[in-house]
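The letters A, B, C, D and E name the chains in turn, as written, and every chain counts its residues from 1.
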Amino acid sequence: MWIGAGLFALYVPGVTPLPRTGLLGGIELAIGIAIAVVALAPWRRSEGLEQADRWLAALPIGFVIWQYATNKTGLLPLPFFPAPESVLEVFTDDWAKLAESALASLVLLIPGYAIGAALGFSLGVAIGWSRAVHYWAHPILRFVGPLPATAWLPIAFFCFPSTRSASTFLIALASGFPVAVLTSSGVASVARAYYDIARNLGADPRFLVRKVAVPAALPSVFVGLFMGLGASFVVLVTAEMIGVKAGLGFYLQWAQGWAAYANIYAALIVMAFLFSGLIGLLFAVRDRVLAWQKGIVRW
Amino acid sequence: MVSATLDNETRPGLSVQISRVSHAYRTGAEPVDVIDNVTFGVDPGEFVALLGPSGCGKSTLLRLVAGLDQPSEGKVGTDMVRVTGPDPARLLVFQDPTLFPWRTVRQNIALGLEARGVAGDHRAATDEALALVGLEAFADALPHELSGGMAQRAALARVLINHPRLLLLDEPFGKLDALTRMTLQGELLRLWQQGGFTTMLVTHDVEEALLLAQRVIVFGPRPASVVFEAEVDLPYPRHRDDPGFIALRRDILIALGHGEEL
Amino acid sequence: RRHEAWPKTPKGLDRVRLAWNPNALCLAPVLLAQNKGIFARHGIDVELISYAGSTDQLLEAMSTRKADAGVGMILRWIKPLEQGFDVRLLAGTHGGCIRMSGSRRAGVTPDPLSLKGKTIGLAEITGASRNAFAVLLKYHGLDPDRDVEWRQFPQALLGEALRKGEVQAIADSDPVLFLEEKASDGDMVEVISNLSHPWQNRVCCVIGAGGFMLRENPRAAKALVLAMADAANLCSSDPHEAARAFLPYTRGASVDDLVAILKTQTHANHPLGRDLAGDVTRYTAELRAIGVMKPTTDPARFAGSIVSDVLA
Amino acid sequence: MWIGAGLFALYVPGVTPLPRTGLLGGIELAIGIAIAVVALAPWRRSEGLEQADRWLAALPIGFVIWQYATNKTGLLPLPFFPAPESVLEVFTDDWAKLAESALASLVLLIPGYAIGAALGFSLGVAIGWSRAVHYWAHPILRFVGPLPATAWLPIAFFCFPSTRSASTFLIALASGFPVAVLTSSGVASVARAYYDIARNLGADPRFLVRKVAVPAALPSVFVGLFMGLGASFVVLVTAEMIGVKAGLGFYLQWAQGWAAYANIYAALIVMAFLFSGLIGLLFAVRDRVLAWQKGIVRW
Amino acid sequence: MVSATLDNETRPGLSVQISRVSHAYRTGAEPVDVIDNVTFGVDPGEFVALLGPSGCGKSTLLRLVAGLDQPSEGKVGTDMVRVTGPDPARLLVFQDPTLFPWRTVRQNIALGLEARGVAGDHRAATDEALALVGLEAFADALPHELSGGMAQRAALARVLINHPRLLLLDEPFGKLDALTRMTLQGELLRLWQQGGFTTMLVTHDVEEALLLAQRVIVFGPRPASVVFEAEVDLPYPRHRDDPGFIALRRDILIALGHGEEL
């Protein structure tokens, strides 16, 4: 597949010659050969590879279609739909800036997300657990839920000493909201029987929260963490509108200002990979923590 | 080793006072009356068996004594103190095992020790409890890997490890084969004789009630009210072919509406 | 805080955090000043921080000490400043940079009257373009509220909206407009700009500073103004240099393109003090006439309250 | 409380006289009197009122603090923190525009949300149910989740014939994502025993999905619908960037461009109320549909 | 009315072939062997009882016959056709009732009719099934409002309404009092005699097995293998004091390792 895609890239002429076509074809060929080597290798086949096989087969087809529709025939119009080699060109030519942006974004994102997740979790537990907290916090969540991040900017500006902390606040807020909602709904829907048993055995409320409500709600909490991570990426663009010097959201906006779609897509791809990596981490943690679920639910 | 934990611990059993208790559930449109003006007492250290038709309100009564629910009317007390909430001195083995699915069997059994903040390593205590119910080999299994009977035994161990002063058992041996059941009945009897705790046992097995209890109380159909009560004045260990045993069995079966079978 | 407490570099230069928008080519002199050491020569060390969002965020930043000073379009700033931000205007930097172009195919000609009944695309419904052209169209005899329709699209989609026929003309700053014109194969024609009669000598972009900066370190404010004036002059005389300085911030444009754009702007025009206040007064009056500024705002008093003459 | 707040508003002098102070105080007094009348009325007390009592008590305190900190003392600086009477002034003076915007937003939002919720639900069921769909869709969700709505603008704009449909697409996308994630996680965590029982009784996959997986996943689906509704409000601002002439997001942007904070807050309040109303509807539906949960979970 | 639905429907029972079946669970680190080379058959229309110690693998075996799991080794067949998946002709009453919490009792009982797309109003059929297990008054209750025994009866009704040709019962009467149990045993026997279906009953109650089954199979401790098998050649209705009954009871108890009790 990859080899075919590589050959397609290399030998089917394009509408306009683009500088990175050769490189793209070369990379595709290389991946194809690498996969072939690994697949045919005498040593034991990697499980991951086998699991990914259908995606590995589908991706080059996608590339071929993309190339076909853009550079090879011009079916899709520029500038909205740049050819894959144009996006690749951004990576080869602009990688330093992209890497810097990605790093800057991560440095902004991770503390914000961590704070948001921690606070969201605590708040969610409190809301799910305590009727009083629920009474006061639920209407607030209801009112606050729909407010766009930009609406918070003035307040964030005023309340925080530095732009950095203001940006962190925005990210924490965006990621904390889904964590809080899902934690609270998880805690609130723990089977009553578990509480009965633990209370009977002498559990105080602290124990009930920590050892009953929270573990039982964890599957839901992880969904919240996942959605919060997504939300934190989305709000990155807003958070990076205010006074940063590098960052993916910033890069994205800048590229949009120049209608540089190849750069936009490159930044989005980096974002998607970063996000996917973080999600992968999160899922790995979840799969460990929630191993007990395996035998109970469908998978 | 053994004596330090499950055995030999003699704290006096709690007495139980149930006076004019009525209870109704109000979840649906109309309230469901479940217990109707029940009054009886249990002496400290006594072993009482409760019998009654399915759905008559036995489990509900145990929940009231455990303090998990409050009766609609009347008073439930232990040692002359009104029961207002759960207390680890009064422990209920629920009809459904309901183990915590995210904890291993051992961790489930250690739940009460953890909940009460009992310090130290619970390994010895849990090992002993596991051995008592014959689950040594499944200490690290998760609940969904247990069979029905094994889960029931784990639930029993989860309570016994805590030395309650009042033990409330809701059909604890219902899913066990005859041999396992007999072994556990024997163990329960031994612990009760040594530990001096009060026991209230809900069971559907009349012979089980007669083999274990000092007194048998039979409820009528819902809403539960006491329809029969008898002292079982037989020495332990008891035998099924003892004439007193057989006579009591007949009386109870009749009280349960079971005439023709005899 | 006293002047002495103002943050300094090890070499003793006053640190100034200057907020700008890296998408605005007309701010090329800022980079020029940075690259050529013009700031340093005036005793300040400028850190550029980008504010790509809407103007209010930039003004919020300045009035809450997140930035010391900022550059941007006067026509974008003037309405928010009416709300009472603690921000003062120090100087103009140049004129020009907002333009409107229309599609010949859709019947738009260089005559503003050809816009009658047309729809104009904008990136910001409250932005400088809308403010400027509402005033100018009115001047040319069109009712900006009835004779034309304004619609908002993301900046990057303005050209596409024109091609799709959703709008017949678009108004924005360069380089967006320049790039679209270039891509349109001659279909797009400039109708009007903010250097059109009678605005030939008006200023377009200004330097502003948070009120706290003027109170605590007027010297740095003054240095900033002087440095920017130097840089603007340099840009005016040697646009190639400025274009090269800005090139890393562009995509899809050549130095020649940038020079061509810079030449449409009046970088030799950087009014101060009374001159600036005069421009602000005129703008305020005009915006008030089209209902943007509050009817209760007195243009001259307002201009006086937001313009500071640091050289005086 | 309300009466006290009203008196505070009326008789404590402010830093600068604002035109709507009298009205605000009047409204507060009126509410206070209304509450007093209802509370002391001989006919049966409303349950809703009793439930809301603490909020009803807290709100006027909040108003007093707000007024105190803004207009009465100037503790919080203008223009960031307008006094309550300034916000009220926006309502009295600009209500026609606000109402028009709210209506326009609703007209845009509701179809978008409905489409997004329906598609998200179907996709979520498919992902949760079918391993094959999960295999293909999950990585895509992982990659797509973090992309900000603005990134979709060009594609939406290109692929859809009208701006209206493009905006609807954005809203549907934003609201569909949480619905899909939560539906799929709900479906995937249905206890295996339910499937065993239904399969044994002769259920075909269709029945399993419709009568087992979906009802069991409903609690989670409703959380998704809630989060999706929130997301649809957030994305409104972006969706209304393209070619609309009225709408709350549009109004918000316009107010931001002018830094008209009182208008911003007024728009946010309208948004919050709209959202809260829609959420209320959603919760009412949920409480009916999930009535069976009441006896099982803590509440 | 009654005859149209639960009774009188005579489709031939399925025969069961279990040949060299072994099974292991592989959820933990090491596989847990649960069934070890079990071979036996059940004739069409036969009533077989399965006994064995707690956790030996009885429920697992029923799951294999129901087609819910595939054996690790060996073959399970019905009517000489290999079992590859579940089929409503072979219905299992699970050890845990596991009613669907969002459906009322009636809706739970109608589940199989709905699942198989049986047209028409299920009211008559469900009414009859509810009456059979004595839950008429709780038709519209939700499962959490039932007592343990009531839930178990509802689960039984949920299966019986579907006229399986092979009925697999996993301790269906475990939570019932003696009277209710006896009534239901009688009903089961009557349905079986009229309906001609094959029945495999897992129970811990040796007398229940002997009262109902034509053949009794006893498994040893995990991994399950057949340790004892006996025909129960007594005419129905059977009596506990029949000498043949008593002799068989003794043999089975001995096979269960229960020597001393006799």
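Convention: contacts are C-beta pairs under 8 Å (C-beta built on N, C-alpha and C of every residue); 3 or more make two chains touch, one makes a residue touch a chain.
This is a predicted model, so every value here is computed, not measured.
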- [ ] Return the chains common to the contact lists of subunit B and subunit D.
- [x] A, E
- [ ] Compute the shortest path length in steps from subunit A to subunit E over the network of touching chains.
- [x] 2
- [ ] Could you work out how many touching-chain steps separate subunit B from subunit C at minimum?
- [x] 2
Open item on the list: How many angstrom lie between the centres of subunit C and subunit E, each centre taken as the mean Cα position?
Closed with: 84
Open item on the list: Centroid of subunit C to centroid of subunit D, CA atoms only: how many Å?
Closed with: 37
- [ ] Could you grab the centroid distance between subunit D and subunit E? Build each centroid from C-alpha atoms only and quote it in angstrom.
- [x] 52
Task: Touching two or more other chains - residue numbers and ranges from subunit E - done: 27, 96, 142, 145
Task: Where subunit A touches two or more other chains at once, by residue number - done: 80, 150, 154, 157-158, 191, 256, 293, 295-296
Open item on the list: Please output the residue numbers of subunit C that touch at least 2 other chains, ranges allowed.
Closed with: 56, 60, 154, 156, 160
- [ ] In the complex, go through subunit D and note every residue touching subunit C.
- [x] 77-80, 150, 153-154, 157-158, 163, 241-245, 250, 253-254, 256-261
Open item on the list: Quick check on the complex: what are the subunit A residues that touch subunit B?
Closed with: 191, 193-194, 196-204, 207, 211-212, 215-216, 218, 290, 292-293, 295-296
TODO: Could you pull out which subunit A residues touch subunit D in their complex?
DONE: 54-55, 77, 80-81, 131, 135-136, 139, 142-151, 154-155, 157-158, 177-178, 181-182, 185, 188-192, 195, 219-220, 223, 226-227, 229-230, 233-234, 236-237, 249, 252, 256, 261, 264, 268, 271-272, 275-276, 279, 293, 295-299
Task: Residue ranges of subunit B touching subunit E (in the complex, touch as defined) - done: 25, 27-28, 32, 51-55, 57, 59, 95-96, 140-142, 145-150, 153, 170-171, 174-182, 204-206, 253, 256-258, 261
Open item on the list: Considering only the defined contacts, which subunit E positions touch subunit D in the complex?
Closed with: 66-68, 85-88, 90-92, 94, 96, 98, 100-103, 111-112, 114-116, 142, 144-145, 158-159, 162
